[in-house]
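Per-chain residue numbering starts at 1, and chain names A, B, C, D, E and F are given in the order in which the chains are listed.
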Amino acid sequence: MTLRPKKPSESKVVTTHFVMPDDTNHLGYLLGGRLLHWMDLVAAIVSQKHSERVTVTVAVDNVEFNRPIGLGDIVTIEGFVTRAFNTSMEVFIDVWAENVPKGNRYHATSAFYTFVAIDSAGKPIPVCPVEPETDREKYLFETAVLRREFRLFMAGRINIESLDKLVERLREVRNTLSNF
Amino acid sequence: MTLRPKKPSESKVVTTHFVMPDDTNHLGYLLGGRLLHWMDLVAAIVSQKHSERVTVTVAVDNVEFNRPIGLGDIVTIEGFVTRAFNTSMEVFIDVWAENVPKGNRYHATSAFYTFVAIDSAGKPIPVCPVEPETDREKYLFETAVLRREFRLFMAGRINIESLDKLVERLREVRNTLSNF
Amino acid sequence: MTLRPKKPSESKVVTTHFVMPDDTNHLGYLLGGRLLHWMDLVAAIVSQKHSERVTVTVAVDNVEFNRPIGLGDIVTIEGFVTRAFNTSMEVFIDVWAENVPKGNRYHATSAFYTFVAIDSAGKPIPVCPVEPETDREKYLFETAVLRREFRLFMAGRINIESLDKLVERLREVRNTLSNF
Amino acid sequence: MTLRPKKPSESKVVTTHFVMPDDTNHLGYLLGGRLLHWMDLVAAIVSQKHSERVTVTVAVDNVEFNRPIGLGDIVTIEGFVTRAFNTSMEVFIDVWAENVPKGNRYHATSAFYTFVAIDSAGKPIPVCPVEPETDREKYLFETAVLRREFRLFMAGRINIESLDKLVERLREVRNTLSNF
Amino acid sequence: MTLRPKKPSESKVVTTHFVMPDDTNHLGYLLGGRLLHWMDLVAAIVSQKHSERVTVTVAVDNVEFNRPIGLGDIVTIEGFVTRAFNTSMEVFIDVWAENVPKGNRYHATSAFYTFVAIDSAGKPIPVCPVEPETDREKYLFETAVLRREFRLFMAGRINIESLDKLVERLREVRNTLSNF
Amino acid sequence: MTLRPKKPSESKVVTTHFVMPDDTNHLGYLLGGRLLHWMDLVAAIVSQKHSERVTVTVAVDNVEFNRPIGLGDIVTIEGFVTRAFNTSMEVFIDVWAENVPKGNRYHATSAFYTFVAIDSAGKPIPVCPVEPETDREKYLFETAVLRREFRLFMAGRINIESLDKLVERLREVRNTLSNF
């Protein structure tokens, strides 16, 4: 059976949060783990919309928090599937924060999550491919292979033969986020 | 002022969770984001104990979830500071899961979190150095420099001059977790 | 001081929820109150974005839940300001639910919330006017006056003189939601 | 089978909440949605006690929040079934707030919720009638028919023939709460 | 300054909970700790109403859970101040559980909590005396002295001189709950 | 079938909490009930690890809170099974609090919880015996019989014949905690 390809826009999910007291530490900054949790929930819904299956997180790539987010700020999280690899999907998550009364809105962080679709017995099951439309989606689609190879290398599952190839992937992974 | 060095055992924190219904997806597997949140809370307490300051998450390295954790399982999370770099600290987090009635206990995941200590105005402030004792602590202390360089390279903040050095760091980062 | 008018698209907020076990009753249907809470949070962010102030809920119009929403469904809530009246704003909230594996998506409910912007002493403060763009926004903008009069009448704050006017408003309020 | 009538006192439920930090906005006022959620939970228990069945919210009539409720205030919510209509029940909810150290107690809001009793397959199922005892219960019982007709009219499900009848219902609905 | 005595009915608080999935263990029984938390919240409100001050828990006497409470059951918790001792108050908490569809209602547990009223600096501050009205309130008022002495003895703060007195207190404490 | 004895160290559980805003009252002190809930969760995990069964709380002995715990403090809770009695287990829970920036760490409270292991039908089921190793464990093991007799006496389930025996148990129970 061939699965119909889906566009990233079909799996796109947006969510918005108010930073409440229990989301913050003593000085009123959003806890990094709470944000990782919110990002993962968006990625879970994204991957479920793409695969039409229950999905589980299998990996998160490096996440850097550029700037502390404050109590009462509004956090907007957006995500979509960049590419599918048989049973797994890479989900791009982008986070913006905004202090409305102060009028400043800034990019807080971005991340790549990997999810696997599972059947009711908990076994991985194939998902439909991704058909990118915009330039940004196409770029993320193409570079997803490099990020995946790098991820597998980091997890000790594959070897990358030549130094040249390894460094190429490395620079690619590094450049991905700064292009947006 | 010179800050007194602290041992990793002085910042060590352990916590234990029951996986409850709201922590799981439809098939009863622990949500990855909830686990990342629990891990971050442990790392926050660890870094506060080491620095005796309020701390904020600045980065999380790649995290891979080896095996789904089920509803009702017991999750044990342990962490300690591996090394301090002026105002930042690297925290090692190790996670074990256990299904008690079934009698199986397994390693769920490991991760490196980076925290920065801040003063009451939210500005970074120096933290005391780490004095490792055990072989494992010494190994994590020594390799922390490589992981940090790699992290800065990935964040686009530094360049690593030679291919050889870059690959050395890369292999080191990859090997760190498999040694434990 | 005249406040710059804002478009409804400037205050638009979207949020997405997974229905988790603690959100449901015994038969696995989403609790109405939980949904009202989620809707109010969206409306609070919408009104804060429009007014750039802290805001408080002052009223919710009739809400009807057309169809029970199940455990594991995805709920998407969208809102924007339809019109401002000096210190108060009417916020339109629209809710869609989706059972992804079953492939059905349906309109769950709509509602009008009223918020007031307050200053740091808790006193009402003027907000900027709304400048509608689309046909739907224009229709909601125009009919907002009728809904407001009806709301004030229901709260016992004004009398509407003639039977004809009263019934006109009544039919208007009734028709508002069915036009979308 | 005829179901035994029940008195409103048999379905009466009281609950009391402390307003905690996560229940409030930035200026320390209780979020309207949190209160709607608490009111709905009371109404759900009330309707379950009356019907001895699982119940689901089908509607909430206009709710107006007269006065902001502050952090640390005590909120008392009381409810009972006013009347049953085959498978549905109207629940009256009354809310009082109190700032104990300041010694002031005030009426915060009132609302009418409509619930339907369902069987284990999720289908509506008949509930027992209501037998009012006190004057207040009798008044709410009698006027429930008017509120219900008005509700059905607002939902576009029935037409009310004459202008006179429509206005009569309208004024009745408006007057209901101010009589208490 | 003499504080006006208050009746137990003036501090009486009732609250009602639905047992939700996250309140229960794997077999669907309410967690004892969750119930202790709910009971403490009621006792905190009771003691605040009596003292018109912020209060803190200082002790809980033996609590026995007679019968497991199930998922979906309704738990009603009632409390009032039995007696005041300068800055501290003894609060009696009574818990009933009910499975509505099954039609059974049973006594779940009772407990005595001790709270202290504090001023804004966190220092204990005198509270008004209790004036019992009903026979039950009078009995609890009179025996409160014995329970308090026993509590202080158990905490190692006082010695009770004669065997006879000690045993008298002991039997009294034991008998208190079985009289209701 | 004879169950293999287990050491207290095999059931030992540690957990660590940050005191967050929703855990505290108006003056920023940890709610006693929240702490009782955290302690019960640790005791539940401890008893599950010992029995390898689902367990339910059946009793908590007197708990005294020596000193208020503040917002942002770190609370460490430790527990292990002291002794098993056929289907029930006594769990010792010890709580320490720490204000890291202020550098003070203090003993907050201790308590004895009693849990029963149940099978999938909810019926009590035998658990393995305890084999104490350290002096502290041996002391708690030996005195567990006295605490249990006292508990049964207090619950009105047994009579203790002579005054001498009663007082002996009483003093024993009182002394247990002050020995640590």
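Keep in mind that, in the parts below, contacts are C-beta pairs under 8 Å (C-beta built on N, C-alpha and C of every residue); 3 or more make two chains touch, one makes a residue touch a chain.
Small disclaimer: the values here were computed from a predicted structure and weren't measured.
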Neighbouring chains shared between chain D and chain F, ordered by label: A, E
Chains in simultaneous contact with chain C and chain E: B, D
Angle of rotation relating chain D to chain E [CA atoms, steps of 5 degrees]: 180
Farthest chain relative to chain B (centres taken as mean CA coordinates): D
Inter-chain centre distance, chain C versus chain F - centres from mean C-alpha coordinates, in Å: 50
Centre-of-Cα separation between chain F and chain B, whole angstrom: 31
Inter-chain centre distance, chain C versus chain D - centres from mean C-alpha coordinates, in Å: 20
Residue list for chain E, restricted to those that touch at least two other chains: 21-22, 26, 41, 44, 54
Pairwise chain contacts under the document criterion: A-B, A-C, A-D, A-F, B-C, B-E, B-F, C-D, C-E, D-E, D-F, E-F
Of all residues in chain D, those that touch chain C in their complex: 25-27, 29, 31-34, 36-41, 43-44, 54-65, 68, 113, 118, 120, 122, 151, 153-156, 163, 166-167, 170, 173-174, 178
For the chain B and chain F complex, residues of the former touching the latter: 13-18, 41-42, 44-45, 48-49, 52-54, 74, 100-101, 103
Residues of chain B touching chain E in the complex: 20-22, 71-72
Chain A to chain F touching residues, read off their complex: 21-22, 26
